[in-house]
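Two complexes come next, and they have one chain in common, subunit A, joined by subunit B in the first and subunit C in the second.
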Partner chain A sequence: MKRRELKAFAYIAPALVMALLFSYLPLIRSFISSFLTISQSGQIRGFAGFGNYIRLFSDDAFIRSIGHTIIFTLLFVPLNTVLTTAAAALTRRKRKMSPVAEFIFLSPMAVSLSAYAIVFSEMFRGRISIINRMFSTDIAWLESPGTAMLVLVILGVFLDFGIDYILLLSAFRSIDKDVIDAARLDGAGPMQSLFLIELPMIKPMLSATVFMAIKDALLISAPVMVLTEGGPFRSTETVMYYYYLEAFRSGNRAVESTIATLSVSISIAAMAAISLRRRHARKDF
Partner chain B sequence: MKKLLSYLLVVLTAFPLIAMGSSESGKEIVTIWHCSSGRAGTALEEIIDEFNSTIGEEKGIEIEAVYQGLANDVITKVKAAASADISSLPDIAQLDATACLDMMNADYLYTIDELGIDTSDIMPQAMGAFTSYKGLLGMPFSCSLLLAYYNKTLFDSLSLKAPETLDELTAIAPLLGEKDSSGNVTRYAFAGVPTTYELGAFIGAQKGLSYFVDMENGHQGTPTEVLFGKEGTFRNFLEHWKALADTGYLNSIPSGTTAEFASGRAAMILASSSNLTRILADVSGRFEVGTAFVPKTDENATGGVNIGGEALFCYSDSDAVKTVIEYLISTEVQMKWSQATGYVAVNTEIYSNPEYIAFLESNPAYSKAIEQAEASNPKVVGIWLPSAYQIYYSFQSNIMEVAAGSITIDQAVDNMVSIVQTALDEYARANID
Partner chain C sequence: MLARISRFILTLLLCIIIAFPLFYCISMSFFTNIDFTDAYAHFLPSHPVLDNFRTALQNRYYPRFIINSLLTSALTAIGRTLITVMAAFAFTHIRFRFRQILLIALLGTMFIPPDALLYPNYRTIAGLGLIDTYAAIILPSLFSASALLLMISSFVSAGQEYYDAARIDGAKDSVYIAKILCPMAGSVVFTLFLQAFISSFNSYLWPLLVTNRNSMRTVQVGITMLGFADGGEYGAQFAAITIIVLPFLIILGLGRKRLSEYLSGEIRL
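Showing the complex of A and B:
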């Protein structure tokens, strides 16, 4: 038994060492730093108490960035889920022309994030933009606050589309054919089959993609960086972009450590809540 | 296993040798992190290739230029490198004014005075932009300044001259603008929202010379107090700006102004003189482009504009670095550089060079920038602030909101004073003894 335990530890040791070095130690350091005043070059200059946290929450820009992140999440997650599920549902039956549809829906995965963000910024730039020409609209997409957020959401959906589509499609296709055939024999139409049989059966995968979307939305920063730089007028500044500006552009260690500590605490709390619920749910069975 | 370990050891010990600054040919390597892309990037490559095949060959020096993104990407990387390991810094970095405060307080920077490079031929306005109480922090290299661009064909057809003050612009705005039958504006008199860069002129030039913050805009030490509030300079600017907005022909867009200008939807914009070549290309002869001095905030705002752009900051005091810097500001290089990019040549010897005079005569738009630089008070300098990025966007938001009428001028002034003062206090708390 002892030997087996040792062996088990030996197997997880590399991962444990990595996690310790790159996750847990920095985490503890950030936590301690968040109560200290630290200079740009990393010198500790004194104890700050809750000063760094008070500073963070008294910054209008930070409060607004939380608002922007929530708006983005509320727009992005439902839109992303509905669109990818619809695309996967429409193309779930393997047919002769399936590869064409699959290729189209998967192609967003083949190009890098920043390349897409740059293409988007060119397509939506100014009133004389390509998009305005195509749809004969007259909107300054990236120059007015509301629409810039919308463009960001569209870009976000586009970036996540490929991976979500492939996950959902494979979930649809791995459903046991017998179940669907049985339903059809019992008189279920295509709509009933989709909504009452197939969708419930891919629920685990669906929830995985929803959680991934939530995570991506809450942590969004790179598309903001390339597409809008938080603008116009700081209207698309998300929490992570605010963090990037303060920590990396301005070398503000007070903000760096407090946001890191807060975001990790929130995700630990969320994970704890989820696992508690799951434990309760299992007891109910 | 032992064999594997010994291989690993050999590789590990050899690695630092490869990473050290000497190439296979035994030349001393000088690394430059730069932010020149497009036209400027090509020109810089040519300039560096020429060095490597001539002076470099002779003296055993090789320049290795690495493009690191925009100027503020370069400073982000420089700071990251410095806090990780000083030896990972490049020898030279091309940085703009947003880097100056950090560089002034950085112990790993060698000033141009410490390197002992002769600066007697460098344009004083360009030197002022990068001079601190510690001396010249970086060698001005790619310098530019704010310039007014206007649709000369349109102005001529209305027999108008480029406005000299904001009030003049406000007065002619209804003439320059145009509406369609349903009342939508199809051409604005002006497009853009001023922010830190433009305010350098709109605030800096007031009363001949005004500072945003104490310590001469941070050049004489880390700033501690906001001045644009209590001296009333920001309010004065906002009052004139609001009057322009109230004509209905001000298009408050924060970006994409050159596209609006080139498509004829804006009669006038402000942009860096270094954009001239690109703007001329975008307009591509659809109308004549005029360049003019930046309109003054009021009659008494006579300070002109500050010089912006980038300088070369050194993190090594070797003779090789000195040689490279001296090469890059030499008359031949600066002449080539400014003609290829539209940057203002920093070496004043060039201005008496017949070849350069001929170039300016055939490109009058370029000479306006130099004229304006020379007419400006060398004391009108860019602002060195912490959190420059956030302050830049905050100025933009507040000025836009005043123009749109969603906040009052008082509120905007209070907001900006408090935002900048907080940034100053925070920086001082963490970084100053």
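Showing the complex of A and C:
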């Protein structure tokens, strides 16, 4: 082996060690463990086949957590997509006031999950909440199952808003001006231009943000942890929150390794779908 | 005209919705306790006070939380930048065996969500005896596949000719990287550094899991446990949040233009 080659390996060694230590080895470990029977103290008791998976899917709490995750995803993805696309579309042309609006739409990027969660729990706290005052409602938002899920969805939208907004805004602004001018000359109004020309043109970015939103939604755990802790009555317990509870509170190795294996598979499938779509989109042009 | 008005109203409405939680947080950081316990919810403090900021800063742990966060974020950003620059340099400037496979293996980690591997990673850190150390907080986020991808694509455009010239002049790789390559890709290197810093500063779940002692908590974990509300000091909680959010808002305001240019560059990859 040449000296230059050795050098190259030395340069990539730290990255490789990190990727192995914190991505590939734990992944392989989870995958193998998911087919074994392992005691709480970590001793291998034997081969389990698909036993762990079968047990997982016959656990009511897990099935319910799938339901909650799906409800969250079905609410979150459309709301997030519509709001971020609307914000990007409204500010896509540079105007006098657009820097202000742009800054406001970006500002969620500066606020962390725990900060938003604390503010949200105050905004929706009890019956004397600012939200109730604004909308003249009388709802204890975080204390009943349906509304708690709704607050969680809104929190999710705020967490992803900034990054999705700027990705869509950049996509809008990288459209060739000539195309838009040509459409205008042909008599297309601003709405027609937006819906018939510009939105179809940013479709690759739009579908990328939708897929990212789906992936984030299916894997949601930390916002649940800080805002609702799965409550009320375990109504906001999502799959990854259930994973967290089982792995860290109950030390349940079977549940932990099977969920890890399943969620990595789903994530890989989602990412593969994105890259396939992108390749497809490139072919179109 | 109608279209313009409806566009303005929609933009305004959306701005109000998006800005509201942040506005309300800043407003609450000036509340007195009576504003919190009143019979109706206040939008603005009845008379603004600075006491909450004093209470927050005088808290036994809060300043320590901030220092922990700043240190771990800075170390993460420095470490990630170094690791990424080194690897990207090797991939773009040196031909070696298994290059393609190693690159795919490294970029492939993008497909693996770290949240699904919390437990085995926790076991690794615990096995190394690193619980309650900065290393525990930093280590898993040192390598980022998306950072590597961006760095490689900016180094590719830097051009091989400079490297060949530098080697003929007898310059070491480290000199070439520090003096020529990084300055040429300056804005990407800087953006990656900043992004690593911010994402590390704002991370919640991992630091929560690997720290137990109060003195090792990062601020994102810490602010959920300050317990001001238990002591009847509701406003201090929001003052503590306002203090950590404001610097990032300022950075965002200053870097807004650069950010969108950088991101639109990423899209064309």
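Quick note on the criterion: the second predicted complex is superposed on the first by the 242 of 285 C-alpha atoms of A that agree within 3 Å, B and C clash if a C-alpha of one lies under 4 Å from a C-alpha of the other, contacts with A are read in each partner's own complex, and residues count from 1 in each chain.
Everything that follows uses one rule, which is that a residue touches a chain if its C-beta (ideal position, glycine included) is under 8 Å from a C-beta of that chain, and two chains touch if they have at least 3 such contacts.
Quick caveat: nothing in here was measured; it's all calculated off a predicted structure.
> Looking at A:Phe248 after the superposition, I want to know if it touches subunit B, subunit C, both of them or none. Which is it: first, second, both, neither?
Both: A:Phe248 reaches subunit B and subunit C.
> Have a look at where A:Ile38 lands relative to subunit B and subunit C in the superposition and call it first, second, both or neither.
Only subunit B is touched by A:Ile38; subunit C is not.
> What is the contact status of A:Ala61 with respect to subunit B (first) and subunit C (second): first, second, both, or neither?
Only subunit B is touched by A:Ala61; subunit C is not.
> Should A:Ile175 be classified as contacting the first partner (subunit B), the second (subunit C), both, or neither?
neither
> If you count the residues of subunit A that each partner touches, which comes out higher, subunit B or subunit C?
Subunit A has more residues touched by C than by the other partner.
> So, A:Val111: does it touch subunit B (first), subunit C (second), both, or neither?
The second partner, subunit C, only.
> For A:Phe120, using the defined touch cut-off, is the partner it touches subunit B, subunit C, both, or neither? Pick first, second, both or neither.
second
> So, A:Ile128: does it touch subunit B (first), subunit C (second), both, or neither?
both
> Please identify the positions on subunit A that touch both subunit B and subunit C, taking each partner from its own complex.
Shared contact residues on subunit A (touching subunit B in one complex, subunit C in the other): 128, 248.
> If you look only at subunit A, which of its residues touch subunit C in the complex?
1, 4-5, 7-9, 11-12, 14-16, 18-19, 21-27, 29-30, 83, 86-87, 90-91, 99-120, 122-123, 128-130, 132-133, 158, 161, 166-167, 169-171, 173-174, 189-191, 205, 215, 219, 221-222, 225-226, 240, 243-244, 247-248, 256, 259-260, 263-264, 267-268, 271-272
> Under the definition above, what is the set of subunit C residues touching subunit A in their complex?
Contact set of subunit C toward subunit A: 3, 7, 10-11, 14-15, 18-19, 21-22, 24-25, 28, 38-43, 82-84, 86-87, 89-91, 94-97, 99, 102, 105-106, 109-122, 124, 139-140, 142-143, 145, 148, 173, 198, 201-202, 204-205, 209, 220-221, 223-224, 237-238, 241, 244-245, 248-249, 251-253, 256, 259-260, 263-264, 267-268.
> Would you mind writing out the residues of subunit A in touch with subunit B in their complex?
So the residues of subunit A touching subunit B come out as 37-42, 45, 55, 59, 61, 125-128, 140, 142-143, 230-234, 245-246, 248-254.
> Could you please specify the touching residues of subunit B with respect to subunit A in the complex?
72, 76, 79-80, 82-83, 102, 105-107, 253-256, 259-260, 263, 265, 386-390, 393-394, 396-397, 400-401, 422, 426, 429-431
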